[in-house]
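The structure appears below as structure tokens.
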């Protein structure tokens, strides 16, 4: 059973979560469901601070032993911070996907765009259907 | 087991160097001190310890000469010793590649003859022997496709690749600047013809097809596939990795393939060597012959010679000519089997695979229940549902029974896939024993799944921590590591 | 001769188990009009004896000279007998790629030892388990540099092996990258002035070779610095790999990648293949480099073991996003190199010295001949270029005397007409070298 998807966050169909920090920036990570599918994560390729991305462009790359997955920018944004802890401890995503396993902090080009993302209940439904 | 470096002791040596019979030279004058290396940290071991070290390592290794290797798509057939001896002759091993052509007439004749033989076997116009492996051959083949369209002034940027394809296919396409587009398989395991038709347009350069597919199934729609591709002016690339299924039964050239790559270390019995060297000859139809890599062998009155005089060639894909010793082994194989032996190899390979399929069918899920070719694909899904053990556990448990596991988790469209390719050189008894082991394991999966999860228990090491190896890579031994590193 | 154990009874039983009357039924999916009765153009089978006799007769049509004066990317060195005995063990050579690590610890540990020695010899931190050959290793390093940097231009010294530059050209064309050549000076070394004109921030990497194709030893440090100042990587290609026994490796001078041919480490000349592509790099590129890599780890009981690691770089996982499509490599040739290096050990330095002495001796004696002069003044390892009156005639004399002549660079470098690229390894005795000189001396008479 994956950990519950926190209500106040936004979600993408590619299993990213977005947390509005209220200061014009937002944290991005992948959900607990996603890390379960990937199994043990061995490496995270983080973007450089300052990189500008359009919605849907690859933000980071997460590698497990047997697979590679892109993490996409859910909205157009600029990278303002990256979680350097992941360099030495990529397993943080496995143990705490919603907390210490955050991947990057970004400044969305248009904060209103966040509202086009899924809410927790909609994401819950998505992963239920995925499982079937 | 200790590393060779851990056995090293200062002052020991396995091999000496003769004293110089010419005057020594002052290095500082001849070369200059700043160009000299400061330290040379290579092992110092006596020959006896060297031999024990590597002999010990060999005993921790599984090879075809030890046991059954039913690896789907790898064609781990027996490596005849005849081929080894044929290739080991000094006349073959000792010649410098840049020697005058007049010194190498035997080699040139052998390679030229090999090109002709392969052309006959596969129904192609000509072959190159340059590529050093199947993937290298794929790259070469895709490069020729690219050059073909460039020469014709046609901008084609897409290559279609079935979802059952080996990873080297899309990788090769991408490496030549093509966009790779996924082509779906139908419920029978063949190409979804409707999907193919919808994808075909004037931007498609080629379809890369493996026939039989990586599911071990012959493409029933091959004539329609070829027509759909050719009618839009595109080319049909054949991944010949599964050629062992059809030697002497059908020829890709006749089916409409424009370019195919082979794997001599699969179909033509040359040894795998722990990962290589292989050899990946590429055959082409007449329309692509101009683009073959140079140099090419030309036959003249006075004999054979290398020639660069092919202006449309894609150029070179390697130094010198070929993985020559590998080509010699495959040549010896083809000549010893002859036309009838090659055909029999395919027939028995297919017989063996279907036999295994029938025996295992009651015990493992068979996603495509139809006549297979030289390999069959099962799924461990039933075992996962029953007791949560995975294909990887089944594979590891097979090791305890003395077998190398089949190919697992490939092709990607079959969940928990197990691809079994017996090859023709395995006897009925071996197949019966193997199937017996698989059936026993299916039983264990139900009644005592922990046996599978703990496997293997009979090997020098138990299951290894691949996650640690990827998280904290250690790819070169530097100094004694602290226990904290592990 | 075929290798199927099946008797008539076996086949009947198996057919019954499958539910067919004849094997032909298993091929019903092949459209009738394409079904073969027999393969045209392929002769009938031969017995083992006949096959061996045939191959012997083919080999006998070759001329195998006892003395080889050519290097140019393939080198005749002494192969210690222990190498063949170890690599000839069937547990090694009939093994598959070590994906099932528990039953492949032998080859995996040997690859790990090989990687370790290559990293050390090249002055870098990491090496992969092999590429196809020196040329493709160089081409793949260039592609990787372009992909990492996002830049599309490669600079290559013209003194890099001509065939390697041809392969580079083919690979770069396929990927849509470009290459520019940097000339060499009268000394035989990289033309620094020309380099500085071309080096800018559009360049992904500069490729040099040392010792270069002419045998000349480059001063790598300043070249590395110049490249790095423009944000370009430095790819250093090996000459004869045994030079690593005595010369400072490019890795120690800061090169990003050290690639080249490992055939010199115990692999026979074998008319050009199979050879051994060495690919070594700085540690920071570990997760990007192509090819298989063996890594150390522990099993569930804490015991040390080895696995193929970082496989997510490779084609079977990354597929179209892989930076290389390499799958099979030259594993057995790498095992050969591993055994060779462990066997020769620190004596590699003595071996390299011997090569230098032989080359200097030959060069000195040839320069005593009328009309022979040195072409390049830079220091050399075991190869050197000399000019003479008529290079073709000189080589013809050498061949007539039963030797593989020297390499004629004029085909690749038109300005080097009437020159010869000689190579002298430890296999050439003083007697052999004196005979070379005597043979060439007669010609001027």
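Which chain is which? They are A, B and C, in the order written, and residues in each are numbered from 1.
In this section, contacts are C-beta pairs under 8 Å (C-beta built on N, C-alpha and C of every residue); 3 or more make two chains touch, one makes a residue touch a chain.
Given the structure is predicted, the values throughout are model-derived calculations rather than measurements.
With centres taken as mean CA coordinates, the chain nearest to the overall protein centre is B. Across A-B and B-C, the chain pair carrying more C-beta contacts is B-C. Among the remaining chains, A is positioned farthest from chain C, on the basis of C-alpha centroids.
Spacing of chain A relative to chain C, judged by their CA centroids, is 44 angstrom.
Look at where the CA atoms of chain A average out and do the same for chain B: the two points lie 38 Å apart.
Taking each chain's centre as the average of its CA atoms, chain B and chain C sit 20 Å apart. Each of residues 312, 317-318, 321 in chain C touches at least two other chains. The set of chain B residues that touch two or more partner chains comprises 466, 470. Across the assembly, chain A contributes residues 42-43, 63, 65-66 that each touch 2 or more other chains.
Interface residues of chain A facing chain C in the complex, by the touch rule stated above, are 42-43, 45, 63-68. Interface residues of chain C facing chain A in the complex, by the touch rule stated above, are 287, 311-312, 317-318, 321. Residue ranges on chain B touching chain A, taken from their complex, read 409, 466-467, 470-471.
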